[in-house]
Each structure stands twice: as C-alpha cells, then as structure tokens.
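Shown next, in structure tokens, is the structure this report addresses.
The first chain written gets the first letter, and so on, giving A, B, C and D; residue counts start at 1 in each chain.
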Amino acid sequence: MKKQGFTFEKLKIASFDFTCCEGCQLQLTNKESTLTDFFELLDIRTFREISSEKYDDYDIALIEGSISRQDEVERLTTIRSQAKTLIAFGTCACFGGVNSLKNKFPLKEVVAEVYPDMPVETLLVRKVSDVVKVDLSIHGCPVNKEEVERILVNLVTGSQVSLPKYPVCVECKELLNTCLFELGEICLGPITRAGCNAVCTTGKTPCLGCRGPSEEINMPAFLELIKERKLSQNDFQEKITFYNAFEAFTSYEA
Amino acid sequence: MKRDYTLDIHHLTRVEGHANINITVKDGELIDARWAIVETPRFFEVMVKGMSAERVPFLTSRICGICSISHSLASIRALERAMKIDPPDAAEKIRCLAMHGETLQSHTLHLFFLIMPDFANTPSILPLIHSYPDVVRAGLQLKELGNEISLVTTGRCTHPVSLVVGGLSKAPEKQLLLKLRTMIRERKPALDTACAFFRSLTIPLFIRETEFISLFNGSSYPSIGGRLISTDGVDRDEDDYLSMTNEYTRDFSTSKFTKLSRASSVAGALARFNNNYDRLHPKAKEVAASFGLQPVSHNPFMNNIAQLVECVHILEDAEALINSLLNMELREIKTSYKLQQGSATGAVEAPRGILYHHMETDSEGKVVHADCVIPTTQNNANIYYDLQAITEQACYAGKSDREIEKLCEMVVRSYDPCISCSVH
Amino acid sequence: MHDMRFAIPRQDINREDFASSIPDFNRKSEIMKTDKGYKCIITNIVRLTEQEKLFRLRIIDTRERNIFRFRPGQFLMLELPGYGDVPISISSSNSNHEFLELCIRKAGHVTSALFSVVEGTHVAIRGPFGSAFPMDEMTGNNVLLIAGGLGIAPLRAPLFWINEHRDRFFNVHMLYGAKDPEQLLFTYQFNEWKMINHITLHTIVEHSTAGWQGKTGIITDLFNDISFDQKMTYAIVCGPPVMFKFVCSYLDKAGIPMNRMFVSLERRMHCGMGKCCRCMVGSTFTCVDGPVFDYWSVMNLKEAI
Amino acid sequence: MIYKIISKAEFKKFIDALVRDNTSFGPRRVDTDCRGEKVYQFLQVASFNDIAFDYTATASSAKHFFLPFCEELSRFVFHDQDWDQHITYETNPIVLIGLRACDISAINILDDVLLNGNFPSPYYLGKRKNTFVIGMDHLPLPDCFCKSMNHHTVQTGFNIFCSDIGEEYYLAVNSSKAFNFLKEFNTRDPLDEDNCRLVARRKLISNSFLSEVDVTGLPSILDIEFDSPVWEKWGNKCLNCGTCAMVCPTCYCYAVEESFETNLKGATRQKRLYSCNLVNFAEVAGGHNFRPKNGDRLKYRYYHQHRGFAENDNQQICVGCNRCGRACLTKINPKDVINDLRMEKESCMICASPSPDRT
C-alpha cells in the first residue's frame, strides 16, 4: 500500500482468546460496511474464531479475556515472546472484567457450586498485565469496533494511538441525554474514560465503567456527590466493582 | 474399509471457544471418538450470587458474545416470572424483534464466516471476498441488518443496554424503526442471493436418528418462553427445565452433557424447525422446500439450511413486528415493580437453541441461586455420538484421512457450537 | 404536493468571496487561507541531528507562491494530510519567495510522521499566523540574538533579516547554547554568519563531548564574554521556558528595558486563528497576539512560563 | 424592525407552515427527572403540536446547530503521489423555534467571536446564514441570572421574536424573509394598548428574577484573583467532566483531530468541541500540562466566560442562562463562584478578615 511518500505494510496480526465471552473478537467482524477495507489492512496470521490458518509469525497480538487457568498463563507467555506489540483487547483483558466477580468467593466453593462431582482447575482471575507486559490497551465491554478500526488504522499508518482522556459525560452530553443522576441513578460516567460514545447512558442505563477510570479522576468529589444525593451505597459498590476496572479506587467508601 | 485412523484436533477452528476432537480407530474398531471441551470455566452461576436483580441481565449477557441478547432476556424472563412482573406489550414485541436481530446476525456469522469456507475449501472467508464477492457482500449485508436490528432495539449489537427487568429502559424511536423497515425490505434480495448460493452446494448426507427439543407456544414460531417439547413426544412446563436437561459431567469436558428420552438430543434451528414447521412464514416454508428440507429431518448438516430458512422467516416476521410497533405508543415501556422473593425459569430460543436461566431471588430482589443451561450443552452428547457414527461410516466407506477429518470438523460446525457460552 | 412556499432558501457561501472579505491582517490585499491550505512540495530534507530535520518547502501554485509573504517570527500551520497539522516557525528569510525552510523536531504524533516522509511529498500550509519581531523598530541598535536548543529555528528568520540589512544594525551578538555539541544546529552556517555577516557568535554546551573545543556551561555564562550598551540594545530570546526566565532576568538586571526583549512562546495550537482557545495564556492568544511578545507583556501574562 | 400582533391560533398556522416546509427544531419534553420536573431539549419537530411552547429551559443549549459537537473541517482524497483537499461550508436551511432571549444573545456573542475577528469562520457562517430563528420570551426560572448579565432582552440575532401578551403574541420582525412569510397570515399592527401590554409583560419578566449576580468590575476582579484560593476550593469539587461547557450556549473551544479512512484512500480533519475543564486541554507536546490542577482549569472557564478574551473585545461571554449550574453534578455554579470571588476580594481589600494562605 503506497500513499504519497509512505509505504504502508499490512499488520501481521493474531487474535487470541482466554477467559471471556469472545464478544470483543466478534466485534472484529462487525461494522460490515467497512469490513472488507478493514481486513485489507490486516495480514491475519492466527484468528481461530474465523480462520483455520495458523501461523506463529505475527507482530501484533490481540489478547481477549482474562487469565484464570495455568495453561492460559503459559499460552500467554508464549504469545508475549513472539509479539512485538501485545494489545489487551477488551475490558476482561484490561481489567479482569466481570470474570473478576468470581474472586469474591473462595475458589473451593466456586468449583463445588458448578461442578459438584468433578475437580476443575480454576485460578483467581487476573488481568493480562498481571501476567505479561501490555503495550496497548483497548477498553470496552465489548470494545467499540469504530475505535478498534481507528486504532488499527493508526498502527498501519504509524500514527500515534491516543485514547480519550476525558470521561463519558462529554459524549453523553453531545448526545443530549438526560443525566441519569437527574433520574435518580448512580452513573459512573463522570469517572469513566470516554470512547464508547456513551452507549449505555444513551440507552438510559447507567455507565458501569467498563472502560476504566479516565485520566485524573476526582474520586472524593464523586463520592461526595453520591453521599449528598443520598444514593444507595450498595448500588455504588455493585457498580464500581462490576468490571473490576476501578480496582485502584475500590477501597473508597462513599 | 479403513482399519486404523487417529485424529487429534487441538482447538478446533471456526467455532466459538476451545474444544478438541480426538478419534482413535484401531484394527477396524472405534476405540474412542471424543468431543472434548477444554474451555476455561467462568462460573457465572456463582458471580450472580448476591447481585441485585436489576443488574443481573447485564452480567449474564456477558456469558456469550454472540447471543448476549438471549442470555439477557432469559435472565430477565426468569426474574420477571420470579417476581411476578408483567412487562408491557410493546416491550415484549421489541424484545422479540431484538431476538430476531441477534439470530439473524448469529446465523449469518455461522453460515458465511464459519461454514462457507468448508464448502469452498478455503481456510476462512477472507479469500472468498475476492472469489465470491456477491455472496460475501450478501452475507455481510444480512449480518449488518441483524446487527442493526439489535442496535435499534437494544442500544448496542453485542451486550444489549436497554433490556431491563420490567421492560425496556428506552424505547427505540419510531423514526429508527421506519429506517429499519426500509433496510429490511432492501436486503431481502441479499437473502435470495444467499439461498441461491447454498442451493448450489452439496450438503453431506448423514443420518443418525435423535430427539429434537424446542420451545412451543402454539401460535407463533418460538422465541421467548413457552412449553418445552420434543420430537419424542415430551411436553413440559417452562419451570420443569431440570427434567428436560438432566445435566451430567464427563471428565474430559468442562462443558456438561444432557439427555432426555434417549442418550442424546438436539436443540437449535433444526430442532425449532422440526417442532414448529407449521408456524413458519410461508416464504420460509417455500425456501425449505427448495432444499428438500421437511420435518422431521435427522441430518445435522441440514441445521445449516434450517438456519437459512429461519433467516427468511425472520425478515418477514421482523417487518410485521415493526409494522405493529409503529401503531403503538412507545413512551413508557417499563412497568414499575416490587422486589420480592421468588423462583422461576426463563427459557428462550437462542440462535443455537433453547436456553434456560433459572433464578431465585430473596425479598430484596437479590439473586440467591442461579442455574443456566446452554444450548450447546444440550448438543454435546449428540455431537459426541455423531462423531462416533460419522467416523465409523467414513472408515467403512474407506475415506481418506483428510476427508474424515474434514467431515468430523464439518459435522461439529453444523451444530454451530458456542463453546465459551456452554462453559459459562 | 404543496408548493413549499415557506421553505427558507438555501444560502451558500462562496469560499473565494469569503476569503477575500477577511480584514487585512498586517498584509495588504492578500487572500488569507484559513481552511484550505497552500499545497507545497517538500523539495529537500536535511537531517540536522537525531531529533531535527530541516525541510525545504515550495508552494506549488505560482500565484499562491507570489502572494505568500511573511515577517520574521511568524509561524504557519503545517499539515501532513492524514496525520494533522502543527504550528511551526518559519525558519528562512522572508525575502526568499522561492521556498520556505522549516526546522522541525520530532516531538510527537505529527512531527514523527513528518520524519518518515521523503522528498517530493506534498504537504499543506496555512498562514502565516501570529506576530513578528519588530525588525524596523530595532533598526539603528545593537541586537542580541539568544537561542537555546531548538530556539534557533524561529531565530533564523530575524537573523536572515539582519544579515540582509546588516548596515542598519550596529553590533550583533548571537548567543547559542545546546545540551551537547551534537545538538548544535546549523553549524555549517556559522562561518558564513561570522565572516560574511560579521555576527559575533558565541556557543556553549551543557555537556561537552570529545573534540569539543568551545565552552561548557549554561547560556547565561556567555554574558561574561560580551558587553553592550543597554540604552541601544534589543534582545530576541528563543528557547525553552526556563531559559527565558534566567536570560530575561539577567538582561533586566543588565539594564535592557523589558519592552526591548522579545520572546517567542510555545503552546499546543489546534487552529492558529484564535478560535480553539487551546493556546490561551491569561486572556491572550499565543497564536494571534503572539507567539512573539515583548518581555513586559509576558511578565504581565498569567501562567505564561 | 417591524412589529406585528398575531393571535395564538394564527401563530399555530404560521408555525405549522414553516415546520411543514423546513427542517425544524424546537423544545420538546424528553424526560421527567426524579424531582418530577420536566426535562426539555431542542429536537427536531414535525408539527406545532410537537413543540412544548410552555417549556422552561432546555437542558442543553442550541449552540450545536451552529457549532456541531463534531464537525468535518476538510477531507483529503489521496491519489498516487498527490492529494486533493475538499471543504464544504454548505448546509441546508433550518428553522429554530422557541429560543429564549439569552439563547439568542449567546448566538450574537458567538457571531462576535467567530465572524468579526481576523479569521471569521466560514463553517459557522454557513450555518448561521441558513438558520431562521424564532425567539420566545418567558418568565425566568428561579436560578436564571441573565438579567444580571443584561441578556434578558435581545435586539438582534433573530428573525422573529415573540412576546406573550395574553391571547396574542407581540412579534418583533427582524428580517424581510420573515416579514414576507407573515404577509400570508392574519396579523395586525400593534395598537397603544398592545404596546402597554408588551411593556407590562417586560416589566413582569424583569421583576421576576430571583437570582442576581453582581458582575460589576468582574473582569478586573478575575485578573486580581488569578491566584485566589477560591479556585482551589471549587476546583476540588470539579469532576473534570466537561458537562458545563457542553451545555453552555457560548462555550466554543475545540480540538482538531485528523484521521485516515479505513481504506486509506482519504483522511478527514475534524473539529470537536472541547472544554477547558478537561484534563489535557492545556497539554503541549512533550506532555507538559500548563494547567495541571482542577482549580486551574475551572478558573479558565470562568476567566473565559466572565472576563472574555481579546477576540471578543474582552467582553464577558456568559449570558446568565445558568445551564452550567443546573447541569453540574457537584453544584458548581456561576452565582456561588462569583460571589465567593467577590467576597475573597473584599476580604483582601478591607482586610477585615485575614485571607487564607496562598500556596
């Protein structure tokens, strides 16, 4: 691909999934209107979900899912040693995601509840960066294909990849939504990184913070806001722990 | 006649999730033909414990990235039944429409991305973009339509945002519904292209009689809720899901197995077709006939065609649903409710078959116990026995290693297994 | 069908009319391009250091080339299509109407992309924007040109001016400091400046390396080497913010009035036209009111350095 | 300006005719908040009945009709070794119905900033020229303070302004287009008693303001109080969410982003409204942030709104609609902040109480 003064190389990319719902990988096949152009940018080396081809020479590895079994740790370590750029792809990979809710319960109990008569291996859920070095994170449960597309285009063209530093409220206001706090709900929009185009709040459900904290969040002011509006403490806890994306802030009590 | 054969597929491709196929034939005797699911379990039934009913559908939708709407609605239905909540009419219609969108998306993903390469002898859809541009374009158009339906009805195409206990948090705007209707009409020719293409393929013939399970409601093609029936004459209430599934574990699989009247049974598009043929839209019946598909078909490969037939039905039914929604007031579509203790099952027809969520709530509406039985779980045993039978037949016919391997892969894919979902 | 007699007629704007209606901005009867750039070809790229390259640009359209004029100290918005646009000082002589020179440091997104283009690439420029050094006001005086690091880039335009009008100025000292000898830019022109233009050049580096014969230290150390008549001396200071502070307060103590010291401020600019407000310093736009300010104004600007 | 009287029934016909022939926007009810108050937004309308003429104020302003939150500035199309740049300023005409006096004042201020400076914005002009504005007076809400900003009445910037004088509207017609349209409807010239009713109405509005903000000398106070601890105090409450700037009718600061299209055959440069409250507003290459603290950023928003920038002749650009105050989750509002500043200044000036430490 040649563009005035530049030669662009296709991205030698591989996609792998771990403990997850595979919804983020599925997004790669969405946005059908530009899908063929999108695939043109990629030299897909491994992508088990849609292709039987499997090659081990790739530069970029998309890692979907969190890590919760020993074989996954080993698979991930091997991928890390091959990939030049390792991308944590989706909330599970970036923060642990909903899977981390399991960590609230003793592992023995967890297994006994679902497999009463069979021993099944499971570890405490970890995010990818707890196991290997992550070069780039693409947040979202699921990831926003538009954003993924833009980021991969940036990688092809050698542009710097930057995620919004501001919170979801900015996008929410652009869409003229009525603020969910005005409707009596707790919304994590003010402290969550934008980029999803405020889908949840536009659907009138509160943001649960799947994209993790935005830059320099003001947690004390946010907690004060919840206290001052007499909103439910339990509700807040349930929301802020939902994706495990606010790990660093969960010690806070409103 | 082939006397010795081994097959060891590690992480089968073009399916959702991780599973292996291990086959050993020695001295003309089938030693083992295993369908081994090695997916990492996530323990959703534990995660929901103590969670407020309001939040649960957002969690359970994350069981599956392909059929998140079904999971969300199964939970919602279970919780609504447990807490005696009656969602408004319009909400029910919109939910059905959402299910259509998801099924269309899922079926087209399966038909074009996952199995079409098998028939065209390519590793993936990518080379087909150039060799079959029209068919691929048609497939993408249909998939896009499915996603668009989900987007308009639930706010996002994967992991719905506006499906909530009690109804919908936000109704779709009529303008968007109108646009959607136009889009549906415009894309019907794409479906014709797809049908013509699949008619040109040779669908393998393989028959092993089995039992087909699906929902049934007597009035329409099943989607959300109803009675649980099978082609062997079983007919039970929604809450009796345990006696329909009889889950058991196998030590080589993290996904469980189920059984009903026989050693194995099937859920999915073909099961729905076999049990509810009469309720299909006439156009869908026509398409079925053009493939020589009629109930009860026992050929698992025909599941692919049943999916195509369902797509035809969906386009027609979605248009009708939109028409009736356009005549309704779409403002308040959520009933307010009281949190209460209760327990109930929600069964829905997910793209891959009947899906059960069972929920028990305490007086504050928090979940104290949950159980989910996934369609693929209900197909595991059948896949397992099909693999054995097809290997035996193929060896008997003296097929080459490569041919047997491909047949095995294809028969598994024809079930459109959703493995990560089955190991939730 | 009804007759649509209450339909509001659509009013289009004619780009050219609009462009020509722009009030004269320090330039007479020129059309200023605010959105659509002048297309330029990069005719020459010289690598100066690891981090800096000198780009030579030529406006392709002859008519456009003939109307593009600027004054020393002004900057332009350089656009690399697909990557974005960045403010860059014009580093060549304003009497040169054939080409423009831009000295660019690889600092981020756009500038890195610029580093990978080859000669012949087409880019766009908008501008020139901003204020300039008051070269006429300086006439008849001594001039101190003080540059730190990349600060030499905006300083080259006034330097060219002085060289071309050498007879209008008395003593001209140029004080130039860098981190290490490798970072000194335009060394190939040093002799020309010294010998032909009679500029007294003093250089200094913070860290010397093998082979460095010159001075080591910080730029203010160079003041010990020079003497000037503070009543008739102007200073132009370009460099990192910390340098302004030290240099200007030194010059202040040395008796040069604050309104005879000029600095060029740097902010991230998104429009260059005083609209995006990204480059606000106090209530002043760096892009419109600046980037060249006298030190007195800077002292009175909140948050300037 | 020409003045006319139109009955409300006839006015409905007029609006219906306009709405039928044009893409029109007006206030619509979108929600009821948890206190039972109705929430309005300017949205597209299909008939007179869609418009909530009795609305209080819209949650978000009408500025996005002129300054879209996201707008394409130019498009590059690549071919071989070259590219072309395409720019369009053209927009289709729209009708905006029911803007308040302060909303129209805000547009006038934007005109000042975006059309009168050295670099008028053709994008803005294109939209401005193609917008037909119908204003509508109202009784102030308890927290409106536009009177303090002298923006509770407006003389220009609209095509028609309607004052409610009982059974009829008193129309101020400010464009020949509007005048020609109105010719086809039953209107009459105002009589003395109509003028009396108008004056009474204006008096009523003027006397109904419950909020007042003393803004005399505010620009210089802001300059003096640049380092005031007041900023830190309010800054500590600020969530950096940008909500205030998004809903404000006059906040216009923006960011420019450029991106390749997926097929790499083109690229677009886009403008996106930004807010000085967002963390990286004043970040420069190399990562240095000139305004690292919440308070610094909040201060700049007040600085811009109430001191004004050179582009606007250093005039205040706040019109006193209090949308920002209402929308702010942590209740940062111009009235309280300005009063605090004023008190801070007075405490310094008369040294009655010691000023808090300045760090």
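Following the convention adopted for this analysis, a contact is a pair of C-beta atoms (placed from the backbone, for glycine too) under 8 Å apart; a residue touches a chain by one contact, two chains touch by 3 or more.
Since the structure is predicted, the reported quantities are computational estimates derived from the model, not experimental observations.
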| field | Higher-contact pair (C-beta pairs counted), A-B versus A-D | value | A-B
| What chain lies farthest away from chain C once each centre is taken as the mean of the Cα atoms? | B
| Distance from chain B to chain A - Cα centre to Cα centre, in angstrom | 25
| Counting in whole Å, what is the centre-to-centre distance of chain B and chain C, each centre being its mean C-alpha position? | 64
| How far is the middle of chain A from the middle of chain D, if each middle is the mean of its Cα atoms, in Å? | 36
| field | Inter-centroid spacing, chain D versus chain B (mean Cα positions, whole Å) | value | 50
| note | Among chain B residues, those touching two or more other chains are none
| note | Check: chain A positions touching at least 2 other chains come out as 3-5, 157, 159
| task | Hunt down the residues of chain C that sit against at least two other chains at once, touch-wise. | result | 81-83, 108, 120-122
| said: Tell me the shape of the graph of touching chains, choosing from line, ring, star, complete and other. | reply: other
| message | Applying that definition of touch, give me each pair of chains that meets it. | response | A-B, A-C, A-D, C-D
| query | In the complex of these two chains, what residues of chain A are touching chain D? | reply | 1, 3-5, 8, 34, 37-38, 40-41, 149-150, 153-154, 156-157, 159, 165-167, 169-170, 173-174, 176, 178-179, 181-184, 189-191, 214-218, 220-222, 224-225
| said: Touching residues of chain D toward chain A in the complex: what are they? | reply: 30-31, 33-34, 39, 41, 43, 59-60, 64, 69-70, 78, 80-83, 236-243, 246-247, 259-264, 273, 275, 278-280, 294, 327, 329-330
| note | Given the complex, residues on chain A that touch chain B span 17-27, 29-30, 32-33, 35-36, 39, 44, 47-54, 68-69, 72, 97-99, 101-102, 105, 109-111, 113-115, 117-118, 120, 122, 141-142, 199-200, 202-205, 208, 234-235, 238-239, 242
| remark: chain A partner, complex, touching residues on chain B are 11, 13-17, 40-43, 45-47, 49, 51-52, 55, 58-59, 62-66, 68, 109, 113-114, 117, 123-126, 129, 136, 140-141, 143-144, 147, 154-162, 164, 169-170, 249, 251, 254, 420-421
| remark: Seen from chain D, its contact residues with chain C in the complex are 17-18, 20-22, 73-74, 76, 78, 81-83, 85, 87, 89-90, 92-95, 113-114, 117-123, 125-126, 129-130, 132, 177, 181, 184, 223, 226, 252-260, 267, 269, 271, 274, 276, 281-286, 290-291, 296, 300, 303-304, 307-311, 314
